[in-house]
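Dropping a structure here in structure tokens format, bear with me for questions.
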Amino acid sequence: MGLKVATIGGGSSYTPELIEGFIKRYHELPIRELWLVDIEAGREKLEIVGDLARRMVEKAGVPMEIHFTMDRRKALKDASFVTTQMRVGLLDARIKDERIPLQMGLIGQETNGAGGLFKALRTIPVLLEIAEEMQELCPEAWLINFTNPAGMVTEALLRYSSHKKVIGVCNVPFNMHLSISKMLGVEMNRVHIDFAGLNHMVFGLHVYLDDQEITNRVLEMLGDPEIQMTMKNVAPLPWNPRFLKSLGVVPCPYHRYYYKTSNILNEEMEAFKSGKTRAEIVKKLEEGLFELYKDKDLDVKPPQLEQRGGAYYSDAACNVISSIYNDKKDIQVLNVQNKGSISDIEYDSAVEVSCIVTKNGPIPLTMGRLPIQINGLVQQIKSFERIGAEAAVAGSYDKALLALTINPLIPSDDLAEKVLQELLKAHKEYLPQFFNSERLQEPVEI
Amino acid sequence: MGLKVATIGGGSSYTPELIEGFIKRYHELPIRELWLVDIEAGREKLEIVGDLARRMVEKAGVPMEIHFTMDRRKALKDASFVTTQMRVGLLDARIKDERIPLQMGLIGQETNGAGGLFKALRTIPVLLEIAEEMQELCPEAWLINFTNPAGMVTEALLRYSSHKKVIGVCNVPFNMHLSISKMLGVEMNRVHIDFAGLNHMVFGLHVYLDDQEITNRVLEMLGDPEIQMTMKNVAPLPWNPRFLKSLGVVPCPYHRYYYKTSNILNEEMEAFKSGKTRAEIVKKLEEGLFELYKDKDLDVKPPQLEQRGGAYYSDAACNVISSIYNDKKDIQVLNVQNKGSISDIEYDSAVEVSCIVTKNGPIPLTMGRLPIQINGLVQQIKSFERIGAEAAVAGSYDKALLALTINPLIPSDDLAEKVLQELLKAHKEYLPQFFNSERLQEPVEI
Amino acid sequence: MGLKVATIGGGSSYTPELIEGFIKRYHELPIRELWLVDIEAGREKLEIVGDLARRMVEKAGVPMEIHFTMDRRKALKDASFVTTQMRVGLLDARIKDERIPLQMGLIGQETNGAGGLFKALRTIPVLLEIAEEMQELCPEAWLINFTNPAGMVTEALLRYSSHKKVIGVCNVPFNMHLSISKMLGVEMNRVHIDFAGLNHMVFGLHVYLDDQEITNRVLEMLGDPEIQMTMKNVAPLPWNPRFLKSLGVVPCPYHRYYYKTSNILNEEMEAFKSGKTRAEIVKKLEEGLFELYKDKDLDVKPPQLEQRGGAYYSDAACNVISSIYNDKKDIQVLNVQNKGSISDIEYDSAVEVSCIVTKNGPIPLTMGRLPIQINGLVQQIKSFERIGAEAAVAGSYDKALLALTINPLIPSDDLAEKVLQELLKAHKEYLPQFFNSERLQEPVEI
Amino acid sequence: MGLKVATIGGGSSYTPELIEGFIKRYHELPIRELWLVDIEAGREKLEIVGDLARRMVEKAGVPMEIHFTMDRRKALKDASFVTTQMRVGLLDARIKDERIPLQMGLIGQETNGAGGLFKALRTIPVLLEIAEEMQELCPEAWLINFTNPAGMVTEALLRYSSHKKVIGVCNVPFNMHLSISKMLGVEMNRVHIDFAGLNHMVFGLHVYLDDQEITNRVLEMLGDPEIQMTMKNVAPLPWNPRFLKSLGVVPCPYHRYYYKTSNILNEEMEAFKSGKTRAEIVKKLEEGLFELYKDKDLDVKPPQLEQRGGAYYSDAACNVISSIYNDKKDIQVLNVQNKGSISDIEYDSAVEVSCIVTKNGPIPLTMGRLPIQINGLVQQIKSFERIGAEAAVAGSYDKALLALTINPLIPSDDLAEKVLQELLKAHKEYLPQFFNSERLQEPVEI
């Protein structure tokens, strides 16, 4: 017997990290079959990554069977866990998500603003289809999604899918926990952080070192330009120290998009002009990675992968799978249905919150009311996520326009419509719900 | 016996409209004594306006005694209603509120963004002091405030004053009701609108003509550039029609600051460059008005006052006073404690909502949940109002910085601090709570 | 054209009061056609009442056409208002509702406890069917229900019917308002009461005389045995004065079932033994009334009807119809969807609350949080109402048992099952949903 | 250094179990000083128990110093944990709490109804005083209370004490977990139960065996009279199986007081007549226990203690202390501030809910909405607890009368006042707040 795991988007450049994660945890998470799935257009990458995965497993000496296939249903059948890590439209679509808004003077980013919405519009229909297949082929299995924008995607899955065993994972809270521990010079297990908010909009409400709350001390350190926390995917612009202090809770790196919009925009405009937006850089990195992966002598995750960004994403996924399997009841920060864990957010909505992870899935910890100073922004992004998810499912031009106009990064209804039209045109191929009455076969890409 | 009303800021250029309102309603609202109060620096204007008021009353033949005084306590003693319409720092302060943000490329406006916060910082301490005096000198009296920013001011009064009989009034909902009726070509009493939101952030949730809901029809008309609703204080930029339709509820004119930020900013920058910001225009208009008021032959409200903007402000105040006095139980849109009338807004917060007005004050109608597409922005402005009110009361630099940074019109923490410092410097004289440990005698101006 | 009103249960002994109400209001509510509807088994009564109605109308000289029919669909077609006042199983069913529980030492009453549940189980399916017919035949019409138990019935209609224009009316709040005004010796319009709660579980939260709150004074008066408020349908047992004072809000007469359970039970046991339960008395009164109604010389509502109880029920119905028709925006206490008007009660549930009545129906006033001392009992009855409504719709033995066991008037799960079985047996004919897979033709009786 | 623990009510017959618990956990919870505290009237028992404790510790070979003292402040000074297990008025008071209500035909029990209220009225002022002393002498220490009624007591401490590090513990959830596991024939760690409610009013919302929900299967088993769960302190009356099934969640043994009131009352009346109420039995058992404790050869907890009832109470206390000390993050069911963990209960109220226990105290798990069928009763008891706590603090006759009348076990306002007067008279000595303006020195007894 043994565990069966299916990884949709198996040809992703991240997959070796996931394989490494499973190998490291084999003693507690004995996966017997790992199925890497991709679509026809991704066959070559899937084969490269699949072969590397086999070499890695062999080198590690663990009896995990690696399958790779274009037949998703075969992979899903009787799986215990399904991970999803896809990129509909490949990195070329991401380049458009970034460059088209920037052309109009708008933030261009893959999880926020106009770019974030369009990634969601392309992704949500595919994930809903996978969820429905799971309900048929492996109804007891957990869907562990780490496709971005994970907040809007989880919102859509929780609201519109009949398969309810869905968890969104993100590496941001783990990275914050790790960075703060490093900054303090202590082991992570001595630091406890209450996390609450939305994906890429999560706050550390309280930070404890052992049994002392040290939130203010952490904010002071983070305000010190010398030691500001940084993340690869976000321009490491320094926070205003007085603002951090008055905020009273620890923002995540992505909060810069909202509290430092103009500074971020300046940076992005520079990158735009020089053809070095994040997507363009990543595309080059990926090409290099796949060259490495082809090397028949490579049988471990190559260190170059770490520059790719997204470190610990796979760890986050492996951890939640292992904690469910082993009923670990440890604390992880996950995207789940709120149910009152954050008082001011609607009961049925997706939130990113500290949970304990049991055999029966995650249970959110009660985080109470959000401090008033952050409540407004969180609610605003939740409004955006809900309308965006609706637009994705309905293929509604008007809802998409609404989502864009209420987004705080888009400063006008007219600009919203302009960027909407450009992006719709650019991504037409991957947005059948906006153009067809019949849904096309999904153009899933990783 | 008879009613006694005290009007703080009696030397305001608006006062003739208020006088006219009281004269028109004398048959149902027999005010015996009207006390116009101002501070020493406003003595001249108070005397001009007070004399005009006497001529108006005499002309109308109503037995209303007009008193004017610099002794506020004497005016408050045993009053039944107190209206407040002041401008701490005069129009010169408003000019700074508008021009200093614009210098930095930020929206400069007297009720939104940085300018709105600073008007509140100057005003709130004065109003709290008046409320405390009322608690001592006329505890049964209602405080009817129409000093802007009415949302943040009402929030502060409800939270921090021991005098709880407080109502904020604004002419925006009345104007919306009137404009929509005119647009439809029907009498106002055939149109019913459910209003809910915050001051200058209020929405018409449902519009009815007789017993039919016509919200979508109204939105379509408002999206037609030919007939877009306009207001003197707001640049009449046309709404994007598809956005209006998708919004599904009727925005107020001030929503342009949030849904058309960049367009508004462009307009304001033009005005800034040509020295014709709204404050500068108003200042000229006011000088002209006072010249008119001095004319001993003038014994009615001069028609030029209508260009001043703020039409119906006084009507709104007169109406609420008369409805309380006469237990009219009619519907008016007022700023009051929420208590659940709008489901998603905190119970204790100030909201602007349709109320019935009884002898015992306003009771908000139950408006239910805000549509998700507007909930986020409303919550964000509520966060701003609450932190801003706290900053005003505490004289806290950090809270003021926080309020500015979380405001959606200020795109960066660094810019927030920059504009904060400039405005603090510019308004130092009127912000004793930020500079002194002892509160100075308030430099109230009208 | 003119208004068309349909009255389901037209053969009720109450109908002459309703006719009188419509006649009195003809100047403002010009009903052209009034359709009295009943079922075959009620044909004789319908004809007696219908003839009386025609004589009354003729005497009054108003041009209202009185139709009577057994064809409900014909009556509903294009109606503007539909009133429902039925008694499925006639008074004999009520006698069982009262006597069977009393046999086991349980409160026997038609709107509370086991009897109340069974009246609902018989009534709800019939009303849901009427509501569905309305959705087809007169979708714009308001359903004004005054069939008891109005709380559970309104809950069921709001949750399970596709026709949403539903209002439940009850005379209790009006009677409380009237009694208190009489007790104070003042006109009703000088007394304002904020009502909130559930049907037959409504409290006066605040009582005002003119602009002064006098709740405590009223409670003191009500605690005085000399002047305790009474109602015909409720044993006028005196309240404990200290309890009333500590309660802090004005209970309704039916609260005696919960705060004086043992005293009420003693009274009822006496009546049970002597064959004089309320149902038995009413049955005799009704027989007498119909004898009177037959008198061809009778052309007004006979004074004897007032002893029947339920005074002002018809007034309550006429008032709400007239206020909708005339857009009166006056305050009435109605059973409507909560939507946050009472903070602690679920958003979608039916509540009995002060509303203003507009052309577009009632809008509840915001009553805020219930005082903690009454919140528990109200919630408990709401639990009972929701489970009871579910039982009625599903025909579920288990849900009915659950509803009875959680009811505070039934002190044991075993007794609950015993009384359930006896009542099911006794009412089998009128509970097809519990006995058949197919729904029988409704045994509606009035 | 090492840990210092203070146990108020150290002379309790339960103390040997606590000592045993600390000895068993010494390897993970190295208590260096354990201070047993009692009042002068309890000196003899304290010495008996203290000597036994020393023999137990010596026998076990752990270096834990046992101190005993009448000087509470000395014991509290710099403690890390304080446990409270007191009985103000000794068992004689409990006998009155049980027998006086029974005299009037009312349930007589120490945590529910009139008896429960009076135990709270005697206990709460003493515990508040202890909490205030802790705030002064050991502000970082956790107060672990297992004095009943733990729900009302925790409510009072959370609302009225300035010391906020308070946890209420109870053995009921642990016993339910244990009983259900035994009934299923599996290890406890394979069974997970989501607990939510109030103290002695807690429900198992969902029961899982490994990764399968088995709630319905458990309810079926519990409905089987052969295997009904029993507890020493509650008459093991069988549940109605159909009711259990329809309830859909697992009740606790004390729910019999509410769902089987009449059956329980019958049992209690028998005990009352034969002089064998629970208090009378326990008093005899205690006398026997203290005889055993005096035996100088006894150096372990005697097995007879288990008949005393309250098994696992001390385990519950030891577990929470150890989990805080060791940051175990395990799940325990504790009485803590709600903060939204149970959606329908007020944010600030005490609830009994599954928590994880961290170095910084317990964090409740998010349990979401209560099923509607149980919400009502839970709310009603919460109303009782809040008003009861208020009565205890204020010494208010009216609030005490209110608490009794709204309690579902007391069927009339008049009976409520009668039992109130009798109990006030009987406990006068221990209720200084009701009789004196000055608070007497506390008559604390254990």
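Order as written gives the chain letters A, B, C and D; numbering starts at 1 within each chain.
Definition applied: contacts are C-beta pairs under 8 Å (C-beta built on N, C-alpha and C of every residue); 3 or more make two chains touch, one makes a residue touch a chain.
Nothing here was measured: the structure is a model prediction, and the numbers come from that model.
Undergrad: Using C-alpha centroids, which chain lies at the maximum separation from subunit C?
TA: Farthest by centroid: A.
Undergrad: Would you mind pulling out the distance in Å between where the CA atoms of subunit B average out and where those of subunit C do?
TA: Here subunit B and subunit C have centroids separated by 45 Å.
Undergrad: Just curious, how far off is subunit C from subunit A if you go by their C-alpha centres, in Å?
TA: Computed value for the inter-centroid distance: 55 Å.
Undergrad: So which stretches of subunit B touch two or more other chains?
TA: Counting only residues that touch two or more other chains, subunit B contributes none.
Undergrad: Indicate which of the five shapes (line, ring, star, complete, other) describes how the chains touch one another.
TA: ring
Undergrad: Mind giving me all the chain pairs that touch?
TA: Final set of chain pairs in contact is A-B, A-D, B-C, C-D.
Undergrad: Quick check on the complex: what are the subunit B residues that touch subunit A?
TA: Interface residues on subunit B, with respect to subunit A: 239-240, 242-243, 245-247, 259-263, 265, 344, 346, 372-377, 379-384, 386-387, 397-399, 401-402, 405-406, 408, 411-417.
Undergrad: Within their complex, state which residues of subunit C touch subunit B.
TA: 192, 194, 208, 210-211, 213, 327, 329-331, 338-343, 347, 356, 358-360, 363-369
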